[in-house]
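Here chain A shows up in two complexes: once beside chain B, once beside chain C.
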Partner chain A sequence: MLGCARLAILQQLEYRFNLIADTVIQPVIVGLVELTLWAAFFHSTGNQTLNGFSREYYLSYAVWAAFVSRISTSWMYESMMIEDIENGTVNSILVRPISFYEYYLGQFFGYKVFTTLLSLGAPVAVCLFADLPLVISRLPLTLGLVFFYLLLVHTMSVAIASLGFFFSRIHHITVAKNITLWMLTGELFPLDLAPEPFRSILIALPFSSAVYRPVGYLTGRLELNTITEGFLSISLGLLVATVVATALWNAGRRRYSGTGA
Partner chain B sequence: MHPDVTREVTIETTGLSRSYETYKKPEGLLKSIEGFWKRETIQKVAVHPTTLTVYRGQIVGLVGSNGAGKTTLLKLLSGLIYPSAGTTKVLGYDPHERRPEFLRRVSILLGQKAQLWWDLAPADSYELLAKIYEIDSAVARSRVRELADLLACTEQLHVQLRRLSLGERMKMEIIGALLHRPEVLFLDEPTIGLDIIAQTKIREFLGEYVKVERPTVILTSHYMDDISLLADRLMLISHGKIVYDGTVEAFTAKSELRQTLSLKLVHPPMQDVTLRHDFKISAGTRSVRFEMPAQWIADVLGELMALSPVYDIKIEEVEFEDVIRSFMEQDARLRAAGHSPTA
Partner chain C sequence: MLKYIGLFKSFFKASLISELEYRFNITVRLFTDVLWYAAQLSVFEVIFLHTKQLNGWAIEETRVFMGVLFVTDCLYMLFFSENLDRLGEKVRRGDLDLLLMKPVNSQWMLSCQKVSVAYLGNLLISSGWLIFALSRVSIDPWRVLYLLPMIPIGLILVYSIRFMTSATALYLTRADAVTYIWYQVYRLGTRPDTIYPTALRYAVLSVLPIAFLASVPTQVILGRASPFVLIYGALLATLFLLASRFVWHQGLKRYSSASS
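Let's turn to the complex of A and B:
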């Protein structure tokens, strides 16, 4: 696993442009867009608070949502897994004593830890500089929840990639999934702003742990119980995802033809 | 057969077969739209039920034309794909279960596909492989050095794989396949697309390697030198069926001994001539070259000499490669005529 993490870092240093796009350009652009939207909202409505929280809470939420959602979304590794299965590169994993799941989990985590450490300074600096709410002592638990959520993300990716055994060109599933998640995670707005019954459903789903719970906790909008509930709801999601991924993987392996050799 | 081949069974299959599901791509737009909903699937049998036994230390040369099922058989034996039916035991394991204990003891090299990491230098790939196979990294490094020395490719160890030539890359792939000292080795066209020098180098290396480390090997190649120099057992596969299984020598002996007769005629014939055994010479031809069973040579030569004085006479033994070719051609003819292949 550690070997795979090292592989990820070696490879990413090779794809320098992608690394910069993922760690710098994307979160900065998304962050700026969301900051502007919230600033415009408070300016145009003349409100001082929304749902009991001041403008600063929302700005801090926007900064951290951009940063955290970048961690908790998987584009690249999911595409790589799909490609490997579609073009038969997976062969070199299948004939070796390592599981596909582990092999990619090692790389995925290696990459996420590496890029997180690389870019963590930026949102912290923004909050300190602009005097936005941030409880820095909550950072370890926040990241702990996000990384636990990554297990669910990875398992879902394996399930989707397994479809590559049956169909070709399934990349659009990744797009559809990530757009759906984008609405469910709270990247767009804190989920507690949604009207009932959507509010309860959205928060109860494990996807709230991708952005809403960790960012809400870190910026002081939510308390510790949101983290424990998050761990619980991810665990349930993980259970379901594991069953689905295992079934799809096994069925796919059965009809796999060792493409391309 | 090697003198010290013990009779310990390493690979055993019973009724092992595999078919691929493909679907008929319909012609035309309307049919394609229809095909979107219901696809007509076709089962293509790549390996017919096969029962075979390979003993420890044997070097099996698996030969057959394109699409005969060689790669499919190796994929089945290495656990890369599931069988459609039948059972397989390799080192006592069912390959497709992919038990780590099994995978640590076997290796498959697919000559048509890179198995090392494209973006890494081979040295980095080997380090990762050492972790995957749980080999001590110092031990792995010295093994790599040793193998790279033998293959004369030490200089390229630190060059990114994608920047290497085909031949250099194949050597790196071979090191990657041998790093963990596999007891069973499946080599699918290890010399494909290489120039004569690289081919010879790899062939010599493999010959040396199997002498020293004594793995059980199944090797496929379209270069008959690979087979005749490395293999001690020959398997011919045709349309998914093993049609010959025995030693290389026995195979050459079994097929009729054939020779080629070539010569030049001092006076080319004025019109088309048909000789005995249906050999034809068209008008004006000076150079003649016929392949035939050895016992016909005297007849045909006599007839030619009656036709005109001759010079530049050569009578040559047909090479192993030619024997294989004529065997396959014969097999294809029988098949077309609806006969089952002879074992």
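Let's turn to the complex of A and C:
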């Protein structure tokens, strides 16, 4: 798997501008858009706080949400898995002494670790420069939660990719899934702003550990108990996702006849 | 002109037959877009639970803004998105060669070859939302007619910017990075321009006129912007369309076939 991780890093380094655009430029623009939205909100209302938190907390949340959401989503590797199954390239992976899951898990994590290290400097610098709330000592546990969440993301990706054994053209299922997660993770707004009962449901789901919980914890909005709850909800989600992914993969494999890639 | 209309009818028919082969795909696309609409709406609906106005925009006006955004976005997805997203791939695979040999304008051919008819359903939904939102604001009904020129202007500007970013595939080996940046620039157009700081606001109204996607048309129909902005928008659209043609022709001079 470490070899797969290394492979992913080398592949990304082939097109360095693409890498910089994906890890830095994109989240900077997203962060800028969301920053302006929250700045406009506080400017309009004249309020000093919203839900008990000041303007600076929301600006810090907007900055970090843009970066953390880039780490916790999976477009590229899910698309690659789907394409491998659709065009038969999966045959070459099936004969290797490593499972399809492990092969892409190694690449996925290698890519995410590398891009995380590349992109982290920017939000830290912004928060320090603009004096926005940031508890830097919480960063390791925050990243730990995000990377544990990535296991769930990868397992879901394998489940969706397995649908490629049954249907052609499932790219739009990936898009639908990612847009759904976009709403559930807290990237758009801190989940504690949602009205009840949505608020409780959204926070209880494991997807809140993609952005809301880690960013909330890192910026001082939330406390340690939210991280432990996050680990627990991800574990439960991972259990469900593993059962579904395994069932779909096995059913797909039984159905699959190699197209000879 | 008649030739192009006839060609477009053929493209539409071929696209329809092709899309109807995968009916599940049409349903998923419809569902995906509804999710996207819900995501965009949820941000403002949640924000407006905590405030009555956002830099001069009330919730009813913001819903009109979202309606115009959904309709323009839907038209862009219907006519251009799939074609422009695949331009880079066509360049890399050499599929461009066959297209360049045809006796029609290559830019038009590239941009209009595939019509994503699956988005016709989305057009109904987005139009429905716009009509609902307009019914909740007090405006002179005749002002809604300004959408007839404003939406095409916004569409031409979005198309031109996107075409220029896609055409970078002729200059760079892989233009994925530029595509990533484009999606984020597009995101600037999904917020009213009045929430941006002055420098950024000027940028989205001139250098990168993504504000014409929805913000400017909405402000015209709400009576916040003079209809003369229509003339400015039309001039800008012409300029950007000519710029896209220039970028395309310059790119073709650099293009060496991938030997198909």
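FYI, the second predicted complex is superposed on the first by the 257 of 261 C-alpha atoms of A that agree within 3 Å, B and C clash if a C-alpha of one lies under 4 Å from a C-alpha of the other, contacts with A are read in each partner's own complex, and residues count from 1 in each chain.
Rule of thumb we're sticking to: contacts are C-beta pairs under 8 Å (C-beta built on N, C-alpha and C of every residue); 3 or more make two chains touch, one makes a residue touch a chain.
All values reported here derive from a predicted model rather than from experimental measurement.
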Once the structures are superposed on A, label A:97 by its partner contacts, choosing first (chain B), second (chain C), both or neither. first
Chain touching more of chain A, residue-wise (chain B, chain C): C
May I ask you to decide whether A:50 touches chain B, chain C, both, or neither, giving the answer as first, second, both or neither? second
Quick one: is A:2 in contact with chain B, with chain C, with both, or with neither? Answer first, second, both or neither. first
Which of chain B and chain C A:183 touches, first, second, both or neither: second
Between chain B (first) and chain C (second), which does A:166 come into contact with in this model arrangement: first, second, both, or neither? neither
Based on the superposed arrangement, let me know which partner A:88 touches: chain B (first), chain C (second), both, or neither? first
Footprint overlap on chain A, where chain B in one structure and chain C in the other make contact: 15
Give the list of chain A residues in touch with chain C in this complex. 15, 17-18, 20-22, 25-26, 29-30, 32-33, 36-37, 39-41, 43-45, 47, 50-51, 167-169, 172-173, 175-176, 179-180, 182-183, 188-189, 193-195
Would you pull the chain C residues touching chain A in the complex into a rising list? 22, 24-25, 28-29, 31-32, 35-36, 38-39, 42-43, 46-47, 49-51, 53-56, 172-174, 176-178, 180-181, 183-185, 187-188, 191, 194-197, 200
Contact footprint of chain A on chain B as seen in their complex: 20-21, 71-72, 75, 78-82, 98, 100, 103-104, 106-108, 110, 112-117, 119-120, 124, 127-129, 131-133, 188
Show which residues of chain A lie in contact with chain B when the two form their complex. 2-4, 6-7, 10-11, 14-15, 88, 91-92, 94-98, 253-258, 260-261
